[in-house]
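Note that the chains take the letters A, B, C and D in the order they are written out, and that residue 1 is the start of every chain.
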Amino acid sequence: MIQERCPVETVEQVADNVYVLTFVSKSISTSIAPGQFVNVKTDEGIEPLLRRPFSVYYTQGEGVQIIFNVIGKGTAVLRKKRAGETIDVLGPLGVPFTLYGNDFETAVLIGGGLGVAPLPMATRELMKTGKQIVTFLGARSASIIVDQHLQHVNIATDDGSKGFHGNAVDLAKQILSSGTYPRPKIFACGPTPMLRALQTYVLENNILCEASLEGPMGCGFGICQGCPVELVGEEKRYALMCKDGPTFDMKKIKL
Amino acid sequence: MIQERCPVETVEQVADNVYVLTFVSKSISTSIAPGQFVNVKTDEGIEPLLRRPFSVYYTQGEGVQIIFNVIGKGTAVLRKKRAGETIDVLGPLGVPFTLYGNDFETAVLIGGGLGVAPLPMATRELMKTGKQIVTFLGARSASIIVDQHLQHVNIATDDGSKGFHGNAVDLAKQILSSGTYPRPKIFACGPTPMLRALQTYVLENNILCEASLEGPMGCGFGICQGCPVELVGEEKRYALMCKDGPTFDMKKIKL
Amino acid sequence: MLRTSFNIGSVVFKNRVLVASGTYGYGDECLDLADVNQLGGIITKSLSLKPRDGNPPARIVETAGGMLNSIGLANIGVTRFVTEKLPFLRTVDAVVIANIAASTIDEYCAVLDELESHEGVDGYEINVSCPNVKEGGLSFGTNCKLTEEITRRLRSRTKKPLILKLTPNVTHIAEFARAVESAGADAVSVINTLIGMAVDVRTRKPMLSTVTGGLSGPAIKPIALAKVYETARAVKIPILGIGGIVNTNDALEFLMVGATAVQVGTANFVDPAAGIKIAEGIRRYCEDHSIADTGSLVGCLDAKAGVSVVDTWL
Amino acid sequence: MLRTSFNIGSVVFKNRVLVASGTYGYGDECLDLADVNQLGGIITKSLSLKPRDGNPPARIVETAGGMLNSIGLANIGVTRFVTEKLPFLRTVDAVVIANIAASTIDEYCAVLDELESHEGVDGYEINVSCPNVKEGGLSFGTNCKLTEEITRRLRSRTKKPLILKLTPNVTHIAEFARAVESAGADAVSVINTLIGMAVDVRTRKPMLSTVTGGLSGPAIKPIALAKVYETARAVKIPILGIGGIVNTNDALEFLMVGATAVQVGTANFVDPAAGIKIAEGIRRYCEDHSIADTGSLVGCLDAKAGVSVVDTWL
């Protein structure tokens, strides 16, 4: 974990209200693993006061990319960043996806909305392992779908404007039930309602699944105790999203 | 008094840490009088929370200029404004200099540091009246002197790097005492210590003098009572800098 | 058709947004910037029996997300208010509440009596954050008995809405709310400013001439919301929620925790039309959520955890 | 040669900047980001007799210039602290203060006794912002008698520095400071968080699972400064100033109003080296102003106006 002032290279709009920011950090680009995140002080001064955690979306050379929706204070500031300006970045943070091991043959990647964020890094890593990969992206509408750096993408939209008319989990269920994908392990990221639906499915069907969670964070590195994730069947009641996650085995958490 | 979102045209550095911002407002450019000010919300959101008052430095067509030192939050934001961005401006505010009338023949303009701000507008107005004009500018050093749009400028610097080695008031005393400037009236703006020195001089020598004051303001238009200026020989103890000023007859105030 | 109005006693406010005392002068200072007729109500600068010059400069300093003020209740006094300001206020199509400040209980009564004897004031808000000369300058507002006594004394002198403005600088604001409710107050305003200070490190002097002053603005909103929430669970009379409200979202938070209406203060200095925009914003919110009466927002907070406000682990 | 150190009792702090309880874990969480040996002192997360899971999510929400937290004093408990954390803390070249929280006075004593029986803790800070089960959950910290009793009971059990951390959620914090001073406290920490809340207007639910929580960060700095100023004029024992300190200027303000040292809290979440940078900044300030001892900054505020803190006109 390092703290670094990183120069911004570009901020590009890639979909409706969705932007990709590229900053330069050799140490982070070379050390970050899929599913890990960085914690960004979007602006100097006290508004916003706290850092904002972002999954690392992709890396190219010394460039590190994050992808974001403009939702509030922090992302509004990030969108306005210009080449040469710097941002204060803390990372790599958190526990990455477990992409290795022989307990699965097919990697099933599911992203709801901006839950796509950690999937490109995971895809690139998984391709090295030679595993089969299938991807399911869900979104409100086609206009906010971002499907770069992915493999075998199946798209679901709530409004039916593209691909399957419905959500990514239902689409994944359908296709996985066909059995064409042997010994799957699911890597998922998205809104909590989506992850809840997914959790029910994987527990019922006893499918391996890791999810990357999202929620408020005070520090991002374990000193504030501000990011509890409820555990099941563990002695301790809560894990810390920032330190023990953001990726968790779906069997172990209560959403 | 109007409140308007005004597009920024340019922000140019004119001296060491001194910038001129030009924004477009037909209504303000056509209605503002020398010595009046505008109250600027430098940024959206709550940092900084309050508006920042700025003397109007100059107007050209629909362009309105303010000049500022980068001191803190507000001016740091203003310096970064880019063409096309807008600022929320309230104005014209306050009581202008009294530039007309036959009680003087020579207009003596004195500006300490950024106290030069209201002088160019005053100069332009005074030239229409055909009065004689002489100007005294004081600054820490030559590198922060701004002497555009002025007439017969005499410069004083604390470090002697340009013109008279000393302050503007002492220089003005010297030259005025020579008697070459008949029936003077002084229009001054600058740091309080300078204005205090000037006040002593004009009261002793019974010279007409109006000063433009500066201090914290909550609203700028008279509803917060946050900007008292102590009066002498008046029934009420305080005037409001924003409404009754910022220009005051030196005889009437206690600095 | 959306219902936006509410009552305190028999007085009808056309919407739930008022401007707070001391942050809108006497209502006639910035008519060219905002149409006061669109406000639910105007609360005047605190009025004292005699005019007050107020404190020496500096009276104001900006802080993180807020500001400190030490105006010293500079005001023209009740007599000049009646002759110079009431005539205009009578013409305003918004509820006019006169805020009263004093340093003795008799003085509170005298100001109220003077206002009672003229047309134009619809109700009273009592500022108890004032030094009580009898008690060596200890603030009335931090003394529950005195606050209750002020309420009882004033109650007996007017039938118009009597609103007690409570200070947050106490341990249990609910106690004070209960006391004034039992003494006959028609409503409470929550909150006045929090005591704070700032230092100019360059000069090593306080930023305010009086050393300490009152903190207001967005910075105090979370505290104000908790005080309103605490008060709402203690009394049945209406609560006017105040503290850091700058936009519609802020106002909705106050209504949801139990405020019957809100007051906009510091925000007026930045935008004198803030209150009007917020009233409009609440209307739009209700229409978007097909709410028929803004009153149904009041206290609609869905808070299972009924925990005590003051006694959580911190 | 600049003197930066100060004492509480016999314990020497090498500089006047500590990290505040609950904002730096147990000191071993971010060693790769900041060298704790450069701090004047480390105050641990509040320790309870048994481990505490803490509150359900959400525990944190950002506010204007600040944040609300409702951690619920999640901590590993004194026993695990002794075995898992003390060994590291013994190696640290900074004063180690154990912060203690409990829901009965006996429990406070039990935690302190346990810590007394091991090497490594240099002193104690007592968090009294905890619900007192005996009194139906009313906070100890808002009850002057109980706060005094806790102090007396603990005083009799240790010779190490005993620091009482006062809550700002009271009318007159000076009363509490005087009470604990007379009961033998070596110092007071001022302030803990202010009670606040926030509402998610979209869901109409509180942002925090416990509805209310503690407000911290720059937003509260003016309030904290006023509380320290009030305390400094009431007691002779050292004051550790806390509240919204994010930079050197903030820290200097606290020293000038009378804090002997400062604690940095929320700022650590943004920059774990904030405290170290501030200690360095104070050093630079002193050198620039040819100050020989940082102690000469303490209480150097030039405030003619000797007005009371709580009783100005607001």
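By our rule, contacts are C-beta pairs under 8 Å (C-beta built on N, C-alpha and C of every residue); 3 or more make two chains touch, one makes a residue touch a chain.
Values in this document were obtained by computation on a predicted structure and should not be read as measured data.
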Set of chains whose contacts include both subunit B and subunit A: C, D
Whole-Å gap separating subunit B and subunit D, where each centre is the average of the chain's CA atoms: 46
Subunit A-subunit D separation of Cα centroids, rounded to whole Å: 36
For subunit A, residues contacting two or more additional chains: 46-47
Multi-chain contact sites of subunit C, meaning residues that touch two or more partners: 55, 64-66, 71, 217-218
Overall pattern in which the protein chains touch one another (line/ring/star/complete/other): complete
Of all residues in subunit C, those that touch subunit A in their complex: 64-65
Contact footprint of subunit D on subunit B as seen in their complex: 46-47
Of subunit C, residues touching subunit B in the complex: 22-25, 29-30, 32-33, 45, 53-62, 64-67, 69, 71, 74, 217-218, 246, 266, 268-273
Contacting residues of subunit B [partner subunit C, same complex]: 1-3, 41, 46-51, 88, 90, 215-230, 236-238
Subunit D to subunit C touching residues, read off their complex: 63-66, 68, 70-73, 101, 127, 129-131, 137-139, 142, 167, 169-172, 192-199, 201, 203-206, 209-215, 217-223, 225-226, 229, 244, 249, 252-253, 256-257, 300-303, 305, 307-314
